[in-house]
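Reading through the structure tokens given below for one structure.
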């Protein structure tokens, strides 16, 4: 029965700053926003699309998806009301598209609407989305927590440049979801209550919800697992030993699930040497003096014991991987040979490549050039442990390693003026994690084409961080864009994955990082979902008595 | 009476030392401080384990993780099986040097600015507004900018270690002198109205020596306090800098960083925080007592206690 | 003194303008950009668009002038509007945070209460503890009380708050379960129970900060008292038959206050600056957490506004300290 | 020992040393004297002879360390002050014994108004409050001849001239009409008219209240004018003690004699040079085993080297009543 | 020089110190905001000349501005107005560095010995400081000079390492004198240099000052309350009252027959160091309100207490004029119109002057 279970307290170690997913791409904002604003369809825990506000799923079979994949027609569930009591109609859906596609709006989810030519209202409960070109994955716009439907009445004056000025709407939007906002404190706490107009009269079981933000992961886990102040803690990434200890407390449980987030080492294919003139460092003009040799890269990868990394850094929340695309299952390559460390093999490989320790100082060299590596990453205790461990192994190989850690704000900030951004890559190797949105890896693998390398001309923007450049790869990406059969696409993606990893070792995946969250033993109905919002089924949560 | 053996006027410093020696706390403090210095600088010559060594063999490494103290590892090991004793010694080198040098920079700057502002009416406005400016500047962006601008040139011209060291002590020093400056200025304002300053002026003591001889010795005690507190905050700030990626390389141990790293493990392995915590506190405590002794020694009125 | 005060206040205007410019340039020059807050999954074009809509790409001087206008014209107008129900600020753009897209001032106002209650009371408590400890330590120099005080002060000062905070949480929240480990900013004090709850949730952060503040201030207090206890006028006061309390708390204390006043006055603006680490440890989410979050996200309008307000407070409190010097010690003159 | 049966203040065998780096300084050695009600005891002596230290030792005002009151009794109406509790001592200071210090600038608290400092003892010992205290303070300031007294209450010490500060000190000491007033060079910084005014005031207080006074000064003129008895100190000891006329008319100790000779007198003919006492004062680093004045004494003989003379009466009166002196030399020629 | 029977400007050398219209006002601040509400006219229009080798005694009521005159002369205070020419240079308007270089020629002995000594310096440091500043002697030479000075003022050489608080009041005063003498200055302002000393040492110091004067032709401004000592040492004496000079006369003339009523009262009040004579002394005790320098009376400053006051005194300030050769008086009794004849008449009017 709605509201019977009182209050539920959720803790986000990153605080919520806005409820409107179109103005923030931050996971925390999108997820908490999803308690209020809903898309037409969502992803379930296995990555399958399921209808939310839509009345059934469109498919080619039922004709709602055009044969040539140039349009998709959504039917809306009848009788749905906004939390302010007004009816939910196709106008709202059309308006939402207009809102996000406005050129001055700076819509954070514009990628979801890429390729959308227009959205038309067929009738009050039918909407048609037209694409400018065939879209083989039409479940982008209005699907998933990143693309919810806004109420037209509330946001009508917030188009384009005016979007951020609608503070009230952005922090207390009217929604169709199980909850509505009663109080919003930026970057601090969101108080919600059950939406009286929610379509299922028995849900949600909780009358109110508090989403508190701030602090660190360990503290968040502690609040659920040890002090029991909170019912649910998001992303409680802590060291495995602490996990074990907290679990022993018996107040709560950790839940984990794996998505596509892969911690990897990127090998710089270009020369980052500070002796080069500014503007030529880390550009295609100068290939890397030794990392451009595949054998060196492979040897470096072989020296790594990924299982140990997992054990030290992630425990249950990670698993060793050799793939850039570890999931969904159909796209994951069966590449596992990197999982066992092979120090001797690595050494042999380096010998073979001509890198020997000719002067006996413990560091291999060739032609007077030392095998010396600058290894950078962002500041993060697990990453620093990884750095230390990997440095140990590489030292064992006879490679000299200098470590560097950079503040995340700077490292990921992409400020062209700073030498320390991961895009500039003024180091030999660097480590970070990345994943892709939703279940379709196409844009993700397409990042490694030649022209996407960050360069001075592009203000160092670009996603091909390691400056990998292989015409064959670019051609295959071209093929992928034209292919529509799922199996074929999967094949190409696996091939692309392998080309980056086991065939070239430009990307050296280390760990497939899962999501680890904690909930108290009295909170029922939790199903961890990495493909959509973690709070995707908050309407089903209940108190175990 | 002239036939009596007359002691030559002793230098003030001999006096100060004589007095200092009779101050028990100060002597103990000095002894502790010297032992700490010996521990971190001479210790590594005796205990030669590499502080960053991780056993490359995974199975072995797992076995040496988070060990309690033993003969092999007198202070135990950390989560990667690195020897804590070696890390404490190496870390101490950095922390103590950073603490002392950064404190000296900040005290020197602060005292100079404070005395100048307090003593010269004309400089008071500009210098105090400068102090206001520095107080108002947000620390983090300031540090980030300093590091961005100076790290590479410094490490290129002085080598990465010295370059980073200088950058860090300078960054800490330059961002922490303001309190001392304001305190000193306040004291100087009061002090310069004292009659003995007037008397010194009447014999034509120039400002420089007026400051050195009459003003400075009389503002010693707040400076001493600022210095003691400065060491502690420099050591802590250094570790904070590392977290911004502004400090030494990430595998480089310092006491502040060991403490921070250890906090994560405080429940399972409290020793991890206790060692660096004790080391920092001991340093600060010993410096404090030395400072106390020095202050007493410099004040003739409380000598002989 | 009045003319001095007025002169200083007038002088504060160009000073503050200059400080604001320096802050602006500094924050702008600092590496890092709001883009770091956007997940890597967002494609570069979208990323550019987002940044553009924030106005990140405008030239520095345009942004600075805009900020000046917003700070000195629009925001006061908004304040007038909200108090008198007028509509002067209609259609004018307020200072918006890049991070949350909300008006910076609204957020600041939202955070003021917890900052002032927690950090403020910690400060007041710290001062209240520190003064007697400092005074008594000096009065009984090298007694066991003094030694203990020194020891605790040094520990309090050399052990960072992230550590003390955690220890307190482990003891009082996890083991004893006396206090909550997480601060509830929406708690409203309406009755005795909610008051108790408020006290309970304030207990730990206040303890941590008060210890730290007390450590610093008590050291200055002690040394300054020591300096003055040997003066001749102390003898006079004793000869008048004044009780030791009067001798110490009136005669010596007032003469010893100058460095202490400085430290305290310098500390007050930091109340508004919040306590970054402590706020984070206990999730107080006050102004300190706001500032650090903004800095990490390169939220320039937020950082600029907060630091500028901070600068105003610093200038103000330093002026107050200067005036207090003159009142405390009549020999100090400003003219 | 002086007979102090009827004395308000009876000091017996007071000994004070300072512990310094260079060893001990024996500033006061076995000083005994007494003070009867209404009596004014003048204290003169070489600068550095221990006058101030003696007086401060009396009421425990020397900081310890470095000072150490080794021995002695100070009986205030028969009760030993040195043995009284701090609380009792405080009730005595300021109320029953007033004290004027020598250095007026540093002895006043620079950060409180003069009025505040005068009113403090009034409030504490006499329970005066607000207006009453202020009136009394004004009265006191007027008494010591400070113009515009009520306004001047609000001034700070640094705004006063040296003499005015000294007068403030006197006003503080007199505030509670003490039984005993110890004045350490109270009029040295005052001009003669104000001094005359103060002396007049003191006379009156003695008459009216029977206040007993110890008056340290270098101005023998003042002594001659107001003192009943005079005590001469040298090298931490009392070397001669006599009623005032007796002392001026019949000085015995060679130091006293020399001292009296050095005074320039207003009526005197102006001579080439003032007379001085040759030689240097003794250094008080050890317990005296010989006469402290021997090195400068014209009459010194071998006994003076061996033995520190004890005070002895020379007019048959009991010690402390009449004329006594600590000297081996006998002016009549016969060696004692 | 001592033997000059008519000491005074005429027979001495050239003028060394010329003071013209010196004024020193201290602002008065009141209220919470410390508004400037008036001035303490500590020195109000003082002029005199000091000849080389001369000693001018400056006497007067406590608080009348003697120390302030001394300090303003040496530019230790910034005078409000006026000219102070010392040795041909206007000290009141010198710049800092020139002033500093000028300092060795003019020194001061401070009134309050405790306050004017740096508590953290030893005696040797204090006396040696001027030597460090203005000579480049080696350590031995300096030490020799320090000892010499200590001997001269009667401080035991073994005190060299002691700190000011370890001395008695008189000993401290001697440290101050030694410091002032260190550089053999030409002109010394002695602000009650001997007040805290016992008579023997007073004599010693005065003798020393006289010796130095003889040897080097020093010039003194000798501020003191000890009129007998002033009589002994001074050539001329200025009597100050409430910020102004009341009378400036040659010593013998003044002591023999003071002209200004205040000078008269002052001299009559000197205590007699002979108990047999003390009782017989006749003394003028001044009655009446002592005005405050912040609010001096409209007419003559002394009019509120003067035993010979008459109407004119209350409305008009008398100026300092030479009434007899070498004798300057600021009193209406001696103005052309009234003349000394007004005296008896004035006496009758006055009820406040009491002859004892």
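Residue numbering begins at 1 within each chain, and the chains themselves are lettered A, B, C, D and E in the order written.
The criterion applied here is as follows: a residue touches a chain if its C-beta (ideal position, glycine included) is under 8 Å from a C-beta of that chain, and two chains touch if they have at least 3 such contacts.
Bear in mind the structure is a predicted one, so any value in this text is a computation, not a measurement.
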* Structure fact -> When each step joins two chains that touch, the fewest steps from chain A to chain B total 1
* Asked: In the chain contact graph, what is the shortest path length, in steps, from chain C to chain D?
  -> 1
* Asked: A-C versus B-D: which has more C-beta pairs touching?
  -> A-C
* Furthest chain, CA centroid comparison against chain D -> A
* Just curious, how far off is chain E from chain B if you go by their C-alpha centres, in Å? -> 53
* Structure fact -> Between the Cα centroids of chain B and chain C the separation in whole angstrom comes to 24
* **Centre distance in Å when chain D and chain E are each reduced to the mean of their C-alpha atoms** => 27
* **Chain centre separation in whole Å, for chain E relative to chain A (CA means)** => 89
* To do: Scan chain D for residues touching two or more other chains and write them down.
  => 20-22, 103, 105-106, 158, 280, 283
* Structure fact -> Residue numbers in chain B touching two or more further chains are 1, 4, 7, 15, 144, 148, 193, 195, 267, 299, 301, 305
* Structure fact -> By the touch definition above, chain C meets two or more other chains at residues 29, 31-32, 230, 232, 295, 329, 331
* Which chain A residues qualify as touching chain C in the complex? -> 11, 15, 17-18, 23-27, 103-111, 114, 161, 163-165, 167, 170-171, 183, 185-189, 191, 210, 212-216, 219, 222-223, 226-227, 229-230, 407-415, 417-418, 420-421, 432, 434-437, 443, 461-463
* Show which residues of chain B lie in contact with chain D when the two form their complex. => 1, 4, 7, 15, 18-19, 193, 195, 303-305
* **Complex interface listing, chain C residues touching chain B** => 11, 15, 18-19, 22-23, 26-27, 29-32, 141-142, 150-151, 154-155, 157-160, 162-163, 166-167, 170, 216, 219-220, 223-224, 226-227, 230, 258-259, 261-263, 266, 269, 291-292, 295, 303, 307-308, 310-311, 314-315, 318, 321, 325, 329, 331-333
* Residues on chain D engaged by chain C in the complex (per definition of touch) -> 56, 59, 61, 63, 86, 90-95, 99, 101, 103, 106-112, 117, 120-121, 124-125, 156, 158, 169, 172, 175
* Partner chain B, residues of chain A touching it in the complex -> 218, 238-239, 241-242, 245, 274, 305, 307-308, 311-312, 341, 343, 378-379, 381, 384-385, 387-389, 391-393, 395-396, 402-407, 410-411, 417-420
